[in-house]
Amino acid sequence: MNTSQIKTLLERVAAGHLDTATAERQLVEALRERPFEDLGFARVDHHRALRQGFPEVVLGLGKTPAQVAAISREIVARGSTLLVTRAAPDAYEAVKTVVPGASYLPVPRLITLQQQDVARGHGQLLVVAAGTSDLPVAEEAACTAELMGNEVERLYDVGVAGLHRLLTERRRLHAARVIIVVAGMEGALPSVVSGLVSVPVIAVPTSIGYGASFGGIAALLGMLNSCASGVSVVNIDNGFGAANIASLINHL
Amino acid sequence: MNTSQIKTLLERVAAGHLDTATAERQLVEALRERPFEDLGFARVDHHRALRQGFPEVVLGLGKTPAQVAAISREIVARGSTLLVTRAAPDAYEAVKTVVPGASYLPVPRLITLQQQDVARGHGQLLVVAAGTSDLPVAEEAACTAELMGNEVERLYDVGVAGLHRLLTERRRLHAARVIIVVAGMEGALPSVVSGLVSVPVIAVPTSIGYGASFGGIAALLGMLNSCASGVSVVNIDNGFGAANIASLINHL
Amino acid sequence: MNTSQIKTLLERVAAGHLDTATAERQLVEALRERPFEDLGFARVDHHRALRQGFPEVVLGLGKTPAQVAAISREIVARGSTLLVTRAAPDAYEAVKTVVPGASYLPVPRLITLQQQDVARGHGQLLVVAAGTSDLPVAEEAACTAELMGNEVERLYDVGVAGLHRLLTERRRLHAARVIIVVAGMEGALPSVVSGLVSVPVIAVPTSIGYGASFGGIAALLGMLNSCASGVSVVNIDNGFGAANIASLINHL
Amino acid sequence: MNTSQIKTLLERVAAGHLDTATAERQLVEALRERPFEDLGFARVDHHRALRQGFPEVVLGLGKTPAQVAAISREIVARGSTLLVTRAAPDAYEAVKTVVPGASYLPVPRLITLQQQDVARGHGQLLVVAAGTSDLPVAEEAACTAELMGNEVERLYDVGVAGLHRLLTERRRLHAARVIIVVAGMEGALPSVVSGLVSVPVIAVPTSIGYGASFGGIAALLGMLNSCASGVSVVNIDNGFGAANIASLINHL
Amino acid sequence: MNTSQIKTLLERVAAGHLDTATAERQLVEALRERPFEDLGFARVDHHRALRQGFPEVVLGLGKTPAQVAAISREIVARGSTLLVTRAAPDAYEAVKTVVPGASYLPVPRLITLQQQDVARGHGQLLVVAAGTSDLPVAEEAACTAELMGNEVERLYDVGVAGLHRLLTERRRLHAARVIIVVAGMEGALPSVVSGLVSVPVIAVPTSIGYGASFGGIAALLGMLNSCASGVSVVNIDNGFGAANIASLINHL
Amino acid sequence: MNTSQIKTLLERVAAGHLDTATAERQLVEALRERPFEDLGFARVDHHRALRQGFPEVVLGLGKTPAQVAAISREIVARGSTLLVTRAAPDAYEAVKTVVPGASYLPVPRLITLQQQDVARGHGQLLVVAAGTSDLPVAEEAACTAELMGNEVERLYDVGVAGLHRLLTERRRLHAARVIIVVAGMEGALPSVVSGLVSVPVIAVPTSIGYGASFGGIAALLGMLNSCASGVSVVNIDNGFGAANIASLINHL
Amino acid sequence: MNTSQIKTLLERVAAGHLDTATAERQLVEALRERPFEDLGFARVDHHRALRQGFPEVVLGLGKTPAQVAAISREIVARGSTLLVTRAAPDAYEAVKTVVPGASYLPVPRLITLQQQDVARGHGQLLVVAAGTSDLPVAEEAACTAELMGNEVERLYDVGVAGLHRLLTERRRLHAARVIIVVAGMEGALPSVVSGLVSVPVIAVPTSIGYGASFGGIAALLGMLNSCASGVSVVNIDNGFGAANIASLINHL
Amino acid sequence: MNTSQIKTLLERVAAGHLDTATAERQLVEALRERPFEDLGFARVDHHRALRQGFPEVVLGLGKTPAQVAAISREIVARGSTLLVTRAAPDAYEAVKTVVPGASYLPVPRLITLQQQDVARGHGQLLVVAAGTSDLPVAEEAACTAELMGNEVERLYDVGVAGLHRLLTERRRLHAARVIIVVAGMEGALPSVVSGLVSVPVIAVPTSIGYGASFGGIAALLGMLNSCASGVSVVNIDNGFGAANIASLINHL
């Protein structure tokens, strides 16, 4: 039983559409359910939406298609929104057999099934990307944020070596309540963006680059050492994490 | 002319205490001022409070006492709140000669002078520290956040190896609108805290530790790889940055 | 001649089932055998079970199937239990042709053949894993420990971001005589587990993660810097080593 | 109330020296005490001996002398054995003023006060050190282990470049129930020792060396990659941690 | 005999002020001189100005004051301009005793004595610095470039977090023939500057920063991974090297 | 409208072949064009040749063939020279369908189409390579530089372990106005070359090597620490960047 | 003309089998030959055997089969012994078409053709390998050393965790004039071997291992920090280099 | 009893100056002596000269003056040559009180006392240093080699950026039987030297440099990746180790 289900139940009681005895029984049953389901190889957390505002998200990396499918079935069966990140196409094939309604987004490699349990964020969430190659990570962030109930704007290919491309978009920067900035190579874009706005900036280094980019270390260090003081950082290529944090902020 | 000065001016006009001609002249003069003052070695940014909600903060590291003092005088002369971070005692000596009202907090090594230009945050900001040795960084965060207009709570010495110390404080964790978690060594506390709440967690790795802590790298990596998805990270020992971001969030 | 063969011989002498002359001749012959067999590319150590309590274990990594098979035949021919770690399926194919009774466990990639030469450990050995993706390493540890004569319990998917999943299993934690904790990403689980028990914890970092996990370095550093003082660490993904150490402890 | 105090109380009840009403009252009061004492900057854990077999140990690193002294007074006041590691002489000066009976060991930099709450380990604990320069770490391990109730043997300056020095001491190696091996530079000694015995070896890399020893990284990596499978590792220079683990094993 | 001495000699011959026999003898003698002077601990290179356009420069780091003084005397005695970098005050004291006319610049820590052997560069050389703390390195570059015959402009404290400070100086950026950009922390300034101009940019990372700046590594990596393709990089804090390269370019 | 188109227009006006009204209209229209074209996933920069002397170059790495083709069409349609670096053969297949005249150079993996908009450099640009394995990077540099309007000489397989191969080519070294030196392994060649000439040297470390070359880090560090002061460095394998910088210098 | 050809010529002159005029002409012609042959992509060094005692060796890594074949033909045509290291099978296929007599050793991946130009070393060269997985590198060393004229002994699978395997071979260790020790993982074997002998030990770290072996870094650091002072080190997996150095020593 | 003492005894027997009974008794007594002396904190190895050709050398680093003095007294008492490396002046003060004849070399920081037990090497040993700052390490090598019985030549300040300084000394390079090359910064000198000679080159990286030299890592990597195949490497700043290896070679 998630937050919106609880809310509905209470509203129906208040409206006289549900008698208190039935409501009580339903609530007690819900509380009797184990907060997680032990599948042996995984413990699916059914109270996460209550504790943290969004159901458990499945990290596809390192799980077999069969494991992903079994966990997905568990989540959907409880009425929760499904989100699997870093999902390979064969994981999606396996999920489809048990969750026929699930969709697959190939660029950000997400498996999703929207259900009615997610609250709306208060403002606009802007995803900025430095280059075309950063799109898979930027889209992981943007699509995750949308699924979590946020209005999302995108501003792509505005790297710092061509500042005018960014500066002409100042109005959109100022319209956002929270900004995710995705960049590889030297990772300088979050500093520049943060200097132009007064809202929190979540920086996502990407593994885009070669040589001394060291798989994203250069961008990560650039962002951690940002001379702009409104920038916090997540792991390399972690578009999902950035979206989750931005969504938490946007729901405050 | 900062946000509160503009507000005051407009209120005085609205109340008939100030004629529009004078108000216009004052506004035009303010706009004529350069947005920054070039001291040769530094460009003091006088419009930062307008753009970013808080006046320019001085990073004491790598500046001579004379440089810190000159910049501080510039900032205070414009009516802005003064905050110098990583300030050695001799920098404070130099600042006192030109800003007699400035205070010095020795544990977080901050020089401060509060003026009337900072708005209040909306909720409670909680600073959690893993161990006693993390206090200087935790206090840098807590005192900065207070200066930036936030109500700050402190919860110290609740490292993960003695979980009961943290779990008995769950009520305080749930009362916060945004949480800063400061930890050295393995840096595991933010993951545990984030799993217990549904608000954003800003993680600050500290350089506390020895051997394979590598001056905070172990804690930094632990936080970047957090299995809890509500954690974003700032630079090692960057209590100030964490406070600034948390304050931005708390002012949304 | 391994420990249990020596024991049997002496018991038969004591029981009068074997005359001392024959027993003497058998012992002398056993001592005359070279302590290792030189295959040219490998020296199979036949006295290891005597010196260290378990026969030589074959690390499959970097050996050709033919080499693995030749070493396996040598080991089995002397009546020793066979254990090949990090064995690819083609290595198993080669072993089967010379050791028909050998089994293959695909998840932990082990080739095994149990023989009667392993003593029982004194207590319960618990293997804890943070996430589903850590299973191959956790199973390498669990299966190795079982083969080495230990009663093994498993507790999987109890990462620190959902503490309640671990805390509801406290009874099982307290029942163990020695605990192996397997975790990737930030590697914080061993600190939390060690804080809850008073037995030694062997921590195994895994290469699970991405970006700044650097193939397990983040987890390794997290474990080495554990603020809980009962944690010692083995190499990344070294489930076998952890099991061997835990078994040594459990046989004390 | 620690384990030995509980034991004494129960024995006095059994022997009729203490009436059950008084005993009950004393036990209830003990349970009413908070499991930790909040000093503001530190939470002293008074139930740790119950949970983990030894009272809380104070890591001196990063704490002011005044903080060390305040924590030490708390610990001693509850009847617990005191152990402060990495204690500078001025910390000892501060402790002496509030715990007059405390001793200082300058080589391992330990402040100690033995009280009657520690159980004896079952066998001999051997501390092996590769070189003379490793003595401070080796002595931190040896003195800690003694304080924790273990019979400790020492075997120093037996580096692998002069194997005969080690091989002539085989009898002492075989007499130990658990072995701590302390080594800097290439850190090869634990592999060699572990190959000679059948008990667990706890390896402690030290920061001794220069150039490419990188403050102990070379030794740490050497130990983590040990080809001997009975070696687990603790942080660089962490003699205390090794002793704690070895003591846990020796008390099983 | 350096380039300007050769030029003078030839002009005097052409003007009839010097007979060819004398000129020939002087040239032969000059060629007879060893191209370097062996001081035992150093070989002073007297033909470097001929080969490379500027006399040998002395790196003060790692040399004793006596060594610096002896080399300086050698250089000045041949009529060459003296430049000692990374010179401590005591090195200057020693040099003054043998080269009384030498000057000391304390901020960039340079010892200098200008002589008449340096050609003028063709255009303006601009030194840009991100922050006040980068001044010692920026001044090492600027003063070196001046000594090498270049007209030098300075533009300091224009970090990327306050872009307007840089953008208002576009005219000065466009006036330069070659630009040196000095920055610590995330090192993003060279990318931004290079995107605004069409001349070569020499980037100098500085060791300014803390935590994950790792003594300048973050800035160095940022610069090497610059998405602007006109940026080449020198060693951390190597203001001298940047000036030398910029001067070579400016003399083409 | 690029530089050469503007020049042609003005010359036609001066020669009376174009009336000023038409010229004015054409110029106004050109200025009305957006300085970049937003393709959604990329913003193609059409004024780059004006700002930086060469049209925007496409980094093929991390872009899909369809993205590379769409950007290439945009660039060619405006009359600009096309250069795609790190282009896989399938990217070339896609480009050919929309830009039939494009060529592919398989060794340096470049897609090119020369148009009439590039000015000639002033002198000779020399590309030096240490070994045969460095050729792909050296050719990326050489072909890029040629496309950018430079006369390019090549000098390959002259590594420092066989100095005579380099020393016999001194004349060619002295003939160059700017030198690119490409080397892997220890990366010592730029230091040696720079010591022999008085022009700027751009060093390109390559990822050629094995073991402790760490994918080019050894060469990169060698070049950054060059004892020759005329060497600046670009990213590992960045032949394109070196060519761009060398071309900027050669056009001064 | 290599050393043995020169020796033959002189002996024939001394024996009266060759007149001095012919001999002179042959020598002059040989000197007239260029010391290297420029193939465009490679400069084959024909005087290397004269300068360094062995003809130029071809590193196969990073060269195309066609390049390897062309260089091989050049070398063999001058009567020199051919050695190609790190040669893939397709490189051998290409070489065979132009050098039909060439052989291929698949384990060390060497292409060879022995000719009569190599002098014999003075003593025995011993190659020691720690484990079976180190064989490819050990064989690269052993086969190279044989080709360079040395008598080579092999001693394999004598890792430090089973010391008795090494100690029983002491006689063979003492018989060697120079020893190559090949080891991965912790790389401790060279220290142990060097402590047992009084001849130089060349240590070769291998990339064998996993996790914190970091592709051979652990072994490399172990060897560089050897507490035995007779150990020098070559690059990871550089069996060829070790053999070359050992051969140089053995020919002194 | 060292090698020369044994030789003397046998010669006296052969010459009839010593009766066989006395000689036998002396030899038996010598064999009865323990091969090392256990000082508690150190085991002084008295048979090392027999096993390895030179008595045990004391690494001063990490030992107290009292420890250095006690070990030195032990060594000298047995008639062995004393060598203490990395000795601070206060260690020398302590040694002088127990070994009055000991000398101190301040540049390489060595304490020495020559006794009559060292054999002469066969050829010339050359120590080459790249720069003046490398002298302390170069002198540690040169003085150690002299003490070990070698004729030592020195060639200093011949870095690769001024090749002519090295090339004019080719005759001295060719005269050496073994060469030690000491260099910091990019560490390129060993490659160049090795390319010019046909004897083994021992490379010593030094910690001289700044920024990206990373305390000698750049030089170390440069040397390990040398494209010249006659170079083996020792630890950073390990002049002693290089001398010991070179001396072993020179005594073959």
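Should a chain be cited, it is by its letter among A, B, C, D, E, F, G and H, assigned in written order, with residues numbered from 1 in that chain.
Note that contacts are C-beta pairs under 8 Å (C-beta built on N, C-alpha and C of every residue); 3 or more make two chains touch, one makes a residue touch a chain.
Here the structure is a predicted model, which is why all the values come from computation and not from measurement.
**Q** In contact with chain E and with chain H at once: which chains are those? Just list them.
**A** In this structure, the chains that contact chain H and also chain E are F.
**Q** Which chain's centre, taken as the mean of its Cα atoms, is farthest from the centre of chain H?
**A** Checked the centroid distances; the maximum from chain H is A.
**Q** Comparing each of A-E, B-C or E-H with D-H, which pair has over half of its contact pairs in common by residue number?
**A** Within A-E, B-C or E-H, the interface duplicating D-H belongs to E-H.
**Q** Which chain pair is joined by more contacting C-beta pairs, C-D or A-E?
**A** Counting C-beta pairs in contact for A-E and C-D gives the edge to A-E.
**Q** Could you label the chain F-chain G interface same or different, taking same to mean over half of its residue numbers are used by both chains?
**A** different
**Q** Distance-wise, how many Å sit between the C-alpha centres of chain C and chain G, to the nearest whole number?
**A** The computed centroid separation for chain C versus chain G comes out at 40 Å.
**Q** For chain A and chain H, let me know how many angstrom lie between their CA-based centres, rounded off.
**A** Comparing mean C-alpha positions, chain H is 62 Å from chain A.
**Q** Give the residues of chain B that touch two or more other chains, as numbers and ranges in rising order.
**A** 131, 162, 196, 211-213, 217, 220, 224-225, 229, 235-236
**Q** What are all the chain pairs that meet the touch criterion?
**A** So, checking each combination of chains, I get A-B, A-C, A-E, A-F, B-C, B-D, B-E, C-D, C-G, D-G, D-H, E-F, E-H, F-G, F-H, G-H as the touching pairs.
**Q** Tell me, which parts of chain C touch chain D in their complex?
**A** Counting only chain C, the residues touching chain D are 51-53, 57, 123, 177-178, 196-200, 202, 220, 224-225, 229-236, 240-242, 244-245, 248-249, 252.
**Q** Mind listing the chain H positions that touch chain D in their complex?
**A** That would be residues 35-36, 38, 40-43, 45, 48, 59, 61-63, 67, 71, 86, 205, 207, 215-217, 220, 235-238 of chain H.
**Q** Going by the contact rule at the top, pick out the chain B residues touching chain C in the complex.
**A** On the chain B side, the touching residues are 130-131, 159-163, 185-188, 191-192, 194-196, 209, 211-214, 217-219, 221-229.
**Q** Going by the contact rule set out above, which residues of chain D touch chain H in the complex?
**A** 131-133, 135, 156-158, 162, 164-165, 208, 210-213
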